[in-house]
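The following pair of complexes shares a single chain, chain A, combined with chain B in the former and chain C in the latter.
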Partner chain A sequence: MFAELKFPGIEEMVQWPAAFGEGTPFAFNKVALISLIAMAVPVIWFLVAGGSAKKSLVPRGAQNLAETSIEFIEKQVIGQAIGPDGLPYLPLLISMFLFIFVGNLFGIIPTSHFGANARMANPVLLAVLTWFVFIGVGLKHNGLGYLKASLFPPGVPKALYLLVTPIEFISTFLVRPFSLAVRLFANSLAGHILLVTFSVLTATLWSLSPLVVAAPFSFFMLIAFTGFELLVAFLQAYIFTLLTAVYIGGALHPHH
Partner chain B sequence: MLALLSLIASEGGEAKEVVNPVIPDTPELVWGAIAFFLLLILMYAVCLPPIRQAMRRREDQMRNDAESAERARVEAEQVRRDYDATLAEARAEASRIVDAARQAGEARRAEIIRAAEDDVAAERQAALADLDAARTTALDGLRPQVGSIAVAAAGKVVQRDLDVAANQSVVDEHVRSASRG
Partner chain C sequence: MSAIVNTANTVLAQLPDGATAADAKGISAASSAGFAYGLAAIGPGIGIGYLVGQAVQAMARQPESAGQVQTTMFLGIAFTEALALIGFVVFILLKFV
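Right after this comes the complex of A and B.
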């Protein structure tokens, strides 16, 4: 079956046929299914946790895990990046974190082995949303002073604004969403390509009798990278959410 | 990262259908937006409130329990201080009562002794008075006999009969002076 080492092309790795609606904006493929599951899992989990929370103040099981997630976002994301006045953004940030994390987890779940964020759609969607949110927050809380504080940082000699203002404009309003989207997408896709590479390599080596001795090494690497991808799934969700919080915090307090 | 992107771009270029993974797929974008905004709305309106309320209730209860425990500790400390104060007061009262009883006992003892001494002195005085009276009575009773005996003895000495009545005054004078001496 594996007569020769042949890696699949990128289109084979990232393109999925539609189950229905092919050719329409609602074409439903594997990535769409993972996105819906990444929505449904946190919702069901939190509904179960909420039901349990109404009955008992002592957290157990799903409620314990849900409260741990909430406290993680409150303390490690909002507390670190925004402060107490960032608590109203908890629903957005925890939704973002769980949507990315669960979507990423599908990259290592057997039979799926493809994370939703290894496609550009979800990272771009979330990055653009972040862009609208932090600019909206800045304008809501500071008016046009937010734009002034962002583009003309105080304490800089006026002559330097010729240099600083374009840099600040590009870095704050153009690069941020782009870097957010590309970071998440590229890390997820790179992890997927690594797992595909070692899977194909292991299977091919298994069928090639002289090289079968190298198969355990390749298989070990496949297992190791699967564990690594679990770490990356969490880390990328955390980084994306933390940076979103940092941008919101910067928009709330542009002078700090 | 750039190498990966160039690899992707080159492989995409070789495919029959041009695949550029960096360009988001519209249907995936639509389903992603539906899924995420649904998640955001449900989280905001349905999922988070009961859990956060439970967390707040638990925090309130823990704070109340901690405050109650602190109040109970302060009250226990106050009760202990009150108990110590009452105990010290009781000890002082007991000591005061013992001292008062001791002083009253001493006073009573002195009073009894003084009364006894007064009684003894009075009885002694009365006894002495009785003794004087008896002595006087005895002397008064003996005086006529002593006079007649003395006159008779003097008559024997002088070989004459002396008149007792005439010499009684001399004898009485002599007896009086002797009793004084």
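Right after this comes the complex of A and C.
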């Protein structure tokens, strides 16, 4: 009567067979397809919005949405974290934000139900990109003074540099990209596992005749967590972009 | 805590013949995975609660600085939350790998 609750292993949850190129570095599976869509959707959307911007001055439809998202990044991310001289980094930040957000959205879209960032490859690539960008910005604008300012913060007694410099080195150049990547990856994977858990629970309860009365509660939790994942998808894209902006801002003005 | 430490020995004693120490290690790792995440969630839970509470208080006292407080709050949450997420990754590593 009580069929056992069978929970899928981690391989079943996150691995897909490749459509072609199995075993080679060019293997193309579901995650690669989602990443490709997450890249293509913002590009096509902005091309459409840019095309309509040339025709009419009053923004409508796709253009309106594009302008809203640009304004969001400009005011909420660059304005808060870098300042007016951060505007050259707007294209980078908005591409990053939209790629992460659209990739995360696939975690709750039915029939896809897997976020592009729930595999470690995408977050690592984005974090390494951020790492190169903020170090590059620091070296370009402040030369080697950037390394001096970040490794030897002013106002510290000379002897303490023995302790402070290794800590600053680890926290600035090693922990930053690591925590960026792990934050995005773990949030996406945790959301995916939560949804899998409640889906499996609902399906199992549905097949058990005495416990079927509990199935609607489990199903309600599944719906509630889907809404929660929508929030998380946006919040993680926002936080990743905001932290990138904060790191770029720190590299632009190392003495603040 | 001694329960966690001794799990490997007790599990090995209960396993059928032919089970190796590696099996016992895997089972005890899986059973301590829950502890790993549970312990990792305590600190960040308190931290985020305190952080958001203080941010709400700051926004209530000075509504005109709400935007800046909110951005700083999200930054703080991101840093605090990282610890819980590393705990979650440890859980995954213990449980599944």
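Assume the second predicted complex is superposed on the first by the 253 of 256 C-alpha atoms of A that agree within 3 Å, B and C clash if a C-alpha of one lies under 4 Å from a C-alpha of the other, contacts with A are read in each partner's own complex, and residues count from 1 in each chain.
One rule holds in what follows: a residue touches a chain if its C-beta (ideal position, glycine included) is under 8 Å from a C-beta of that chain, and two chains touch if they have at least 3 such contacts.
Remember, predicted model here, so these are calculated numbers, not experimental data.
S.K.: Which partner does A:179 contact after superposing on A: first (chain B), second (chain C), both, neither?
M.R.: Once the two structures are laid over each other on A, A:179 reaches chain C alone.
S.K.: Check the residue A:70 against both partner chains and state whether it touches chain B (first), chain C (second), both, or neither.
M.R.: A:70 contacts chain B only, not chain C.
S.K.: Now for A:95: first (chain B), second (chain C), both, or neither, which partner does it touch?
M.R.: After superposing on A, A:95 lies in contact with chain B but is clear of chain C.
S.K.: Does chain C touch more residues of chain A than chain B does, or is it the other way round?
M.R.: Residues of chain A touched, chain B against chain C: more for B.
S.K.: Go through the superposed model and pick first if A:85 touches only chain B, second if only chain C, both, or neither.
M.R.: So A:85 meets neither chain B nor chain C here.
S.K.: Applying the document's definition of touch, where does A:26 land relative to chain B and chain C: first, second, both, or neither?
M.R.: first
S.K.: In the superposed arrangement, which partner chain does A:242 touch: chain B (first), chain C (second), both, or neither?
M.R.: Touch partner of A:242: chain C, not chain B.
S.K.: Which partner does A:35 reach: the first (chain B), the second (chain C), both, or neither?
M.R.: first
S.K.: Applying the document's definition of touch, where does A:116 land relative to chain B and chain C: first, second, both, or neither?
M.R.: first
S.K.: Name the contact category of A:9: first (chain B only), second (chain C only), both, or neither.
M.R.: In the superposition, A:9 contacts both chain B and chain C.
S.K.: Taking the two structures together, which residues of chain A meet both chain B and chain C?
M.R.: 9-10, 185-186, 189-190
S.K.: Give the list of chain A residues in touch with chain C in this complex.
M.R.: Chain A reaches chain C through residues 9-10, 76, 80-81, 179, 182-183, 185-187, 189-190, 235, 238-239, 242-243, 246.
S.K.: Across the complex, what residues on chain B touch chain A?
M.R.: Residues 1, 4-5, 7-8, 11-12, 14-15, 17, 19, 21-36, 38-40, 42-44, 46-55, 57-58, 61.
S.K.: Quick check on the complex: what are the chain A residues that touch chain B?
M.R.: It comes out as residues 9-11, 14-15, 18, 21, 24-29, 31-32, 35-36, 38-39, 42-43, 46-47, 49-51, 53-54, 57, 59, 63, 66-67, 70, 90-92, 94-96, 98-99, 116, 119-122, 124-126, 129, 185-186, 189-190, 193.
S.K.: Tell me, which parts of chain C touch chain A in their complex?
M.R.: Residue list for chain C touching chain A: 67-68, 71, 74-75, 77-79, 81-82, 85-86, 88-89, 92, 95-97.
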